[in-house]
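Note that chain A is present in both complexes that follow, paired respectively with chain B and with chain C.
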Partner chain A sequence: MRPILMKGHERPLTFLKYNRDGDLLFSCAKDHTPTVWFADNGERLGTYRGHNGAVWSCDVSRDSMRLITGSADQTVKLWNVQTGAQLYTFNFGSPARSVDFSVGDKLAVITTDPFMELTSAIHVKRIARDPTEQTEESELVIKGPQGRINRAVWGPLNRTIISAGEDAIIRIWDSETGKLLREADKESGHKKTITSLTKSADGSHFLTGSLDKSAKLWDTRTLTLIKTYVTERPVNAVAMSPLLDHVVLGGGQDASAVTTTDHRAGKFEAKFFDKILQEEIGGVKGHFGPINALAFNPDGKSFSSGGEDGYVRLHHFDPDYFNIKI
Partner chain B sequence: MAFDKNEPSKLRWGELEEDDDLDFLLPPKEVIGPDENGIKKVIEYRFNDEGNKVKITTTTRVRKLAKARLSKRALERRNWDKFGDAVREDVGSRLTMVSTEEILLERPRAPGTKPEEAKASGDGLAQLSKGGAVLMVCRTCGKKGDHWTSKCPYKDLAAPVESFVDKPAAAETSAAAPGAGKGAYVPPSMRAGAERTTGSDMRRRNDENSVRVTNLSEDTREADLHELFRPFGAVTRVYVAMDQKTGTSRGFGFVNFVNREDAQRAINKLNGYGYDNLILRVEWATPRTN
Partner chain C sequence: MAAEVMLMNEIEATAAQMGIDMNIDFSSIQLPPGENCGIISDDDDVYHDDELEFDSGFGNVIVVDNLPVVPREKFEKLEGVIRKIYSQIGVIKEDGLWMPVDPETKKTLGYCFIEYNTPQEAELAKEKTHGYKLDRAHIFAVNMFDDFDKYMKVPDEWAPPEIKPYTPGENLQKWLADEKARDQFYWTESFVQWSPMGTYLATVHRQGAAVWGGANTFNRLMRYAHPQVKLIDFSPGEKFLVTYSSHEPSNPRDANVRVVINIFDVRTGKVMRDFKGSADEFAVGGAGGVSGNSWPVFRWGGGKEDKYFAKLGKNMISVYETETFSLIDKKSLKVENVVDFSWSPTDPIIALFVPELGGGNQPARVSLVQMPGKEELRQKNLFSISDCKMYWQSNGDYLAVKADRYTKTKKSTYTGFELFRIKERDIPIEVLELDNKNDKIIAFAWEPKGHRFAVIHGDNPRPDVSFYSMRSTHNLGRVAKLTTLKGKQANALFWSPGGRFIVLAGLKGFNGQLEFFNVDELETMATAEHFMATDVEWDPTGRYVATSVTSVHEMENGFNIWSFNGKLLYRILKDHFFQFLWRPRPPSFLTPEKEEEIARNLKKYSKKYEAEDQDVSMLLSEQDREKRRMLKEEWEKWVSEWRRAQEEEKLERQKLRDGEASDEEEEYEAKEVEVEEVLDVSEEVLSFEE
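Right, the complex of A and B next:
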């Protein structure tokens, strides 16, 4: 396959997200402007100007009309996807790390970093249908985990919130009361910072990637470990194919060590693993730095990766990909 | 001109080229359907080899394929106006490019094969590696079985090899080196403290069970040779000599085997083997002393 290279960002990529129809791809980077691209040919549709710091993550509503972005400038912004206009700004006392719309787009879960005397927190905000009625108040604030919470997503039926971060423990919280429901087993769990978390298409299980050079597949309801995928570099990003039983891990050595070694030592490939057999299927090379973001198109026929090198690479699979046998 | 106008359809055989078709003499192609069952008939006429006119009826069933699933909303979004920085985008800015490089999903091993160790428990290579003697040991980083020294990705990180460093200590002790006066030049490799055997050692290692293949076709690449020789046994190195200037194959190469017997079998079998319409010559790379 010949990937499409999109060079819209001047700084390392941080997050990638497809809309539900899979025709738009949203990219966030450490430069201040999230960008939207057409997912078929990689043409740039527009940019969202207004943030004043690195943008760590984003989410798009099911109808592809609203975009929510969380940034290191201590704000979370709501955008009109079509025009790039800012609709609302939530202000926090510390950088916002992760954002996720609930099913139905009526709620959003936002995590904020520890900063100055503030500890990290998970905020639940109600998203008004009409942006003029939007308010600043949080429905719920959960505190407890040590260190950054790198990702928090909604569980089935918005009843739970799944969080993971620097303390390497996955937690499931009640989204109504904020009570801690489950905590991942320390024995089988990750040993280092969890960098990424992604749900399967049906939400029944989710995948976490960690700096301990592994990715793990968990059951969403019981929080039991299902599978482990071991690789030889820190995992920064994970994605799951909605079509085939494949998982993709992206990563590479620490960005600060990149210039001191041969490019082969970095292992900046996106590694494909068989979800069930836990065996490596192959690698897709191309980035000149660690992969920070991965996303699968909802149709499963293409995926994109964003790297420390500032490029988004959009890969449409060759037909033979779909017949790969182990 | 007037003549042309009067008889435009008449065949003027003198103007026809020899391999020209006489297709225009035939009745036009006829397409019937597709009917409600999706049956479509195409009737064509053409000349067969003997120059007789034949009628060919092709009946096909037409089925509507599920169109590339694109929702109405997605199509609408396709026509959205650009906004933000994308509005004033220069034509020449080339933010989106198609890679010039063909990127493949690189398999860790050939499709359809099991991991090497699991498959070939009787394989010599597997046995060797199980015995603890890994053939592939990187002298830079000490990693076993991952890569060769020359391909070490960590070589820039490793401390420089001692023999390359001109140490004053080495110069002092060189007085004691054989046949060296105080001022006489001693090549670095002969100096005391230098590793003397590395060079020849390396060469010898590469020559073990080495098979020379000559009379290769220009298109033969290392992968082809590997494919050709792999069935005889574990292969450690495949090399095809390339011309530095033209980049084409020079028509010979070397294959190293783990086991001598495998190499011998390969020679017996492949010497005189027809490969790419050339007859291969396969022999031991170095004249054996025994």
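Right, the complex of A and C next:
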């Protein structure tokens, strides 16, 4: 089906997130204003105004009531999804990169970039049910990895935190003590900056995308490398179909290296791979800049991609997609 | 859907399944970095000597022998003469000329020492004046001072050289015996070159060139010492290797870059002839090439026997023969103002071109000269010529001369062809002009071993492609146009080595458009695109075409392999891709008649191979299925493990969610709710018209 082009952002997209019901799509961009759309027809529902810098990521609570956003303006904000009202602002000394609600939505893990004399850090905040009782205090602060931490997410039962970033190493931390539990094997792991990390629907495995032009699938509990998907371009975004055994990789050459040549040269396609056989099965073209964000609708029947070109493209799959055989 | 991207390891795996040995140890060819590339040179002792020379400072001293023996009164005169000769070559050091005198007779001893500023000058002086005739009785014998040491060390007693047991050489052409006649290709990230018949692979290193070859593994067969070698070139019959290096002048006043060219025997590694001189001497005529020189400097002629090689000089062509490695008849072929020449690919015939002179008073001239007799076979005068290019057909049957002529106003040029039929009596010449005379010629190519040629012409961005045959249907001696294809996005022509098929390619500016064309049927077999392609290369048998994007572009580096009829077979991407070379094959031993017979009965022969092909593909799909089954099984194991863990943790997860039930609820359920909204109701009266 023809993709739906959603033009609402003025700057490159950074992150996309569906709510659990799959009826809302939240988009973050460098233009300071996270936006919510109807996931079915791409109609714009509203924006969340208040950030004063690029918004790097967001997460929405299971009941679709709360939105959390992390921004380069050194704040993380909690929003009322419905009204767009700011509920609380966490202040940091450096840009906030990644945010993720825990199972039960009582905790959030936030990563902050290295900035001035500050090193990068992973913060765990307790999210109060009543926003008036919300406090600034961190439950836990983890430091250690070199360079930016591009993504940190919760492991099973909130017992662990999985982080990945510029140093190309995936780490699993104890979310109680902050102790480092596991580190990915250097031999088989990524060779360059890990740009994205996404968990499977049940949280049992996760997919990482890296500038080394590959994506890797890992077991969440043991950090065993299960699969590797090799592509031709640096990977900026990854997504996993909750319905079929497909993974999608998005990327393209460096935004700074995008030349004036044909758009075909840039490889700005979203590439579909068979999750098990690791073989490429197809591509979805359309963006005229690298793909920075990808997300699957929880029903697995549509997905959306966000590009450096400022567009969100919403794709509903054709019936033949569900019969692909290789 | 994009073509399947093959990964290197997949190729290797596939190759292994098919029993192809990919284990050529490329790392042994990709030499370890370092001054000597990890090779301990045979010439190391020589290098040590060089170093010593620098230390002791005698490297710049030469000894001139066979001088006249003169009494004291003539000493100064002789010294003056010697100084005059040798100061032309380089700067003699102060007190650098020493002619010893017999203390008793006060006569000179017939030799002297000359010390130059640099060893290079000394070397040059030795080159230039060794054998210099001062007069009949006195022919200079010049040696490097350091060489004396070497000669002195020669033992007085002759020791019989150790006879090395003969080691049988490997079958260097084993790849040809591959029962499926698979072709080999090779890609590199540095400079290598196949020999013309594919026996050797040559690599260039700091201290010389090396050739590699062998039956199963690539071994180094021979090394050719030539410090700082830059360019190499094989003779067509692989007998000789020409190496080239240029050296910055040691003396800043000396503006000339020094050029050294060695010709080696490929098998023995012996230097057959060396040429030294300033770059200017080797830069006459010809354009392009490296640093102003046209490479190869020497062009080989006389077919695969490597009998002759020739060099363009000022007003002459120097033709050497390989039996003696000296000029034919001891002198060069004198041709006033010659600017270009080329050998027939099969016969010892040179075609040379002399441009117009004296403002058109003396016409331009193309002539064919037979070697070694130097008789002129045919010549043709051409008027108002601006430029001229010569194209030989691969069998040497035809020569096409593309002549750009000025129009009457001299403001623009138009192009015509002079077609020489070399093999016919008296070499008839035919003039061919394009239908539209003003069309610019973009490319020209002969059909290998055939009678046809193709031309891309036109001025607009979509030029036309025309095919001509040297044998028209009614008259074998007439050229006739076969067809013109209008408006093609092409700027280069690539005939299949077997003829018949041609790839019209739009390289670089045309984004890599490819058209596979069958000239026999005059029909397009396929059109395709390899985005940004820079090079097209047919495999030597004409079965496959490789198109590649080399690292002149930053992106898309890699190569595609197509079947001759334009089906994409492989797509392989590799960063910093530099060069794609098919391994050449020696010419077929079959006679043309036999080849024709095989072509006629192709069906019969091909049946056998088709069956083989099918077997291979069956085997592959079998293995593929097996591999997939394994992967699926492995995956299932993970999934069941995850399901178990998920189940175990279910209660705890519920607790974390404040008792909110279940993961089942995560299962998505779609409910369709129809909502009807009345937006607006209005009534209108429409009038009917009869």
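The rule is short, and it goes like this: the second predicted complex is superposed on the first by the 324 of 326 C-alpha atoms of A that agree within 3 Å, B and C clash if a C-alpha of one lies under 4 Å from a C-alpha of the other, contacts with A are read in each partner's own complex, and residues count from 1 in each chain.
Going forward, a residue touches a chain if its C-beta (ideal position, glycine included) is under 8 Å from a C-beta of that chain, and two chains touch if they have at least 3 such contacts.
A quick note: this is a predicted structure, and the numbers were derived from the prediction, not measured.
Once the two complexes are overlaid on the shared chain, A:D202 sits against chain C while remaining clear of chain B. Note on chain A: of its two partners chain C and chain B, the one contacting more of its residues is B. In the superposed pair of complexes, A:T132 makes contact with neither chain B nor chain C.
When the shared chain is aligned, chain B and chain C each come close enough to touch A:D299.
By the touch criterion stated above, A:G283 is placed in contact with chain B and with chain C alike.
When both complexes are overlaid on chain A, the residue A:V230 reaches chain C alone and has no touch with chain B.
In the superposed pair of complexes, A:L157 makes contact with chain C only, with no contact to chain B.
Overlaid on A, the two complexes show chain B and chain C touching the same residues of chain A, namely 22, 262, 264-265, 269, 280-283, 299.
Touching chain C in their complex are the following residues of chain A: 20, 22, 62, 102-104, 106, 156-158, 201-202, 204-205, 219, 221, 226, 230, 232, 245, 253, 257, 262, 264-266, 269, 275-277, 279-283, 298-299.
Within the complex, the chain C residues that touch chain A are 1-2, 4-5, 7, 511, 531-532, 554-556, 573, 628, 631-632, 635, 638, 642, 645-646, 649, 652-653, 656-658, 660, 663, 666, 668, 670. Within the complex, the chain B residues that touch chain A are 69-71, 73-74, 77-78, 80, 82-87, 89, 94-108, 111-112, 151-157.
The touching residues of chain A, when paired with chain B in their complex, are 1-8, 21-24, 33, 35, 37-38, 41-49, 63-64, 82-84, 260-265, 269, 272, 280-286, 299, 313, 315, 318, 321, 324-325.
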